[in-house]
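Everything on this sheet refers to the single structure shown next.
Think of it as A, B, C and D in the order they're written, each chain with its own count starting at 1.
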């Protein structure tokens, strides 16, 4: 990767602003567009129109990149920015990095011969984001529970990236953690971390022992039967992306408190989240030989 | 300790209410007085006047026990309860356990020939409370910082009970932790936990590296010079009891954010805090051969 | 899985004997063959000829199952046991579980219509075995190094199952750990565990900082150039299966101490290793509806 | 502390030799006497007679310093070195640092007007040495037990410095740890580390559950009754200094395997042990304003 690049950062929220500052701090020339934090960003060149993007080594769109109606996701900008006009100045072959590139953006980039890379689809970002997600879940649990996580009985549903970051941290804080999963190998991982492994299909009858249940599985795992089995006061945190893993209506009927916590990295640790994206974009640039 | 005691719980807040429930759940006969949570406490006998306390094996006053004017600390009670009238029915030789027994209560107990034990003065409660205090500090840091504790640079001032619970937990969460202390042995403990040991008298010039500073020393350690040395955005959490360890006025002038977090156990984990008191009272009863 | 099975355990070493005892302790009827530990195994029926195996719900062969010449691996038996004669009494459809089933055993089982399952090929056993492997590597490092692992600088090569069990344990013991890998996601995992991620292709020039290098990659990663870059006294532990990852001849020339540690679970923790196999066999039986 | 001192290192074993090298590496002028490792020490001046010690800023005697008969502890020296002749060239007011200074050395130093400091008596060295002691105990347990420490049931007797270093490390490795102590506060610390606290006076009847018992209490805690209660195969490691805490004869009668492991730092991690002494001597010099 070249040590001085011309990077153009468009749209997004404070995380995107922080990303611009981090890139500038590394010595790159950074422009922003449609990103107004109310005060100048440290080391970043003043806002300019989209025309300058024609010279950029890399254009970075936010996470998510696109809003309904073919618009750039730009919550800190006063007026709507159509992606078509944003990308109009770019030349074929220019690199655009975007988070969660939808079909509109993908078609547009293809039509214009742009190289589009979705950084949110990359494994290393998902792994890195698991840490702020885990910390966010710990923060929520600490805020809501009247007991300490130390010695709390916690059930983590699923054994993917988030659970792999979360379960060992809960153990380190002194919680007694069970991990429920379907694959034998996942149960073996749970044991390796000092947790108990439980079959996710056989939870009923055992759920009454937990003070906290954290779901990471994006499929219906906590239905009415399971929720009814929880002990009074048990907190449920659902980290799974839509449609989530909890029957929210049943929970409301049963009086079970459920927090559906999505997109935690940008909310609980925007600066860290910006750094994770920065690393991923550097990896993309490195692979492309920029 | 006898397995069925007659215990009388007076005054206090939700923590005291939870303590009453925990004692009842262990099989003791528990009465409350001046403690109205709006709903009945599980397993606890209905409120009654103070007269019944004459039969109690142990009367438990809250933490703190006493308010100005010789009153019981009873925030969940509709009218003031003078300690004199509260203790009037008790017979000489009866056991009263109280948290932070002040001179008023002490004199009163002595005059009436009561056996007064201050559970808050006991080492095991201070050690046990260090865990919810540490979790409370971690929660505050997670709430306030835009970065994760993972890889954050943290300075813990002091090496007493709270630091001994806090520093290893921060390390376990992936923070890079320095512990500042005065005694060589404390610096050796810091190294043992995987932290760096720093002399607390030589902090100036080194403070700009930290994202978070947590003070546990109840003496002026973060004055204007030290606060001015912090990097912009560094969060300061002061866990030290009054007068605290931070020059709050200088911090305000310098724009340093300081959170003075006192009495965390009862705030962040009232149930755990109640359990800690329960264990301590059992220890007292055990020692007295009750 | 039925709670009382007829299990027949043949060949193997102390680990296999322990496995027989563990199965018996769970209430199964267990016979052994070609497994003489010099004293009776607790709860296990006396040795008998292979004929009785015809009634077994499951026949368990050791890890490895097979020796050159079509023989059962039976180091605790006085005479060679051909697999053909061992399997002769079995009826078509009977279940045989074996570790590292070679082509000879596989062909034999197929010819006789037996259901052969290789428990060593299963992911959950590999995950479970990573724990004793990690502990074995830690034990070797403690034995050989004149320094503590606490504050030692350690490089772990590779980011597979063994590294995932090993690196967090080294961190927990206070070592400063780098993990070298090729995939970006693996470097992100290293960071998540509190390690530093290093590109495995760019180690030269950075190897002189380590007190200990542990390889898990079964490919040539520590050649003459890398070995020459190590500091004097650096210990190398190679956990990779044949051909290993170290140029052993170059290491000998350069005076670098290398320990090639294979099959650690059976060596350092035979009882735990037996338990891991037991769990895996139960999983197989569960899947087959036995 | 001055950055260049004249230091004279006498007697001792490889740990003392390593200490000399570490002091030389820090830029000090270092002489040795009665310390022959067979090869020159890096950066250290050649052996010379004791006369030169008259110019030393600090004379460092080994740990232990003294052998029976008023001799220097000098296992790497060909002939006995009386402390009287060793200290003869020193002038009144010169500093001598020694480990475990006995009455002979103390009297001698006083008679000659030397300033004698016993570094082994200092708290910070005891704290620092607890880490290699803990690692040594872990190494022994890994070597002797046929199971992993992961999921092993371990009882640690005592709650002093060694237990404070050892118990959290065992927990981090996945062991299920109980800590037995007498003081309520120590039981609270055990809970804080994620262990179970047990009253050390009430062990009988509960000892059959452990795979490993590690004693740190230098008083008879494991007598015949307790040893008889251990389960077959339970390993006992006694870390307590003489007379130890185990009835070794009863253990032999009962067939309980006991390892009495003394002075582990110098044995399992001599370089780290040398560093610990170096730090302590620097602290002494710092306090004396040298």
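Keep in mind that, in the parts below, a residue touches a chain if its C-beta (ideal position, glycine included) is under 8 Å from a C-beta of that chain, and two chains touch if they have at least 3 such contacts.
In this text, all values refer to a predicted model and were calculated from it rather than measured experimentally.
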Touching chain C and also chain D, the following chains: A, B
Higher-contact pair (C-beta pairs counted), B-D versus A-D: B-D
Cα-centroid distance, chain A relative to chain D, in whole angstrom: 49
Whole-Å gap between the CA centroids of chain B and chain D: 37
Sequence positions of chain A contacting 2 or more other chains: 131, 150-151, 174, 191-192
Chain D to chain B touching residues, read off their complex: 122-128, 130-131, 164-165, 168, 183-185, 187-189, 191-192, 279-280, 283
Residues of chain D that touch chain A when the two form their complex: 150-151, 174, 191-192, 194
Residue numbers on chain A that touch chain B, as the complex places them: 18, 131-132, 135-136, 138-139, 142-143, 145-151, 169, 172-174, 268-272
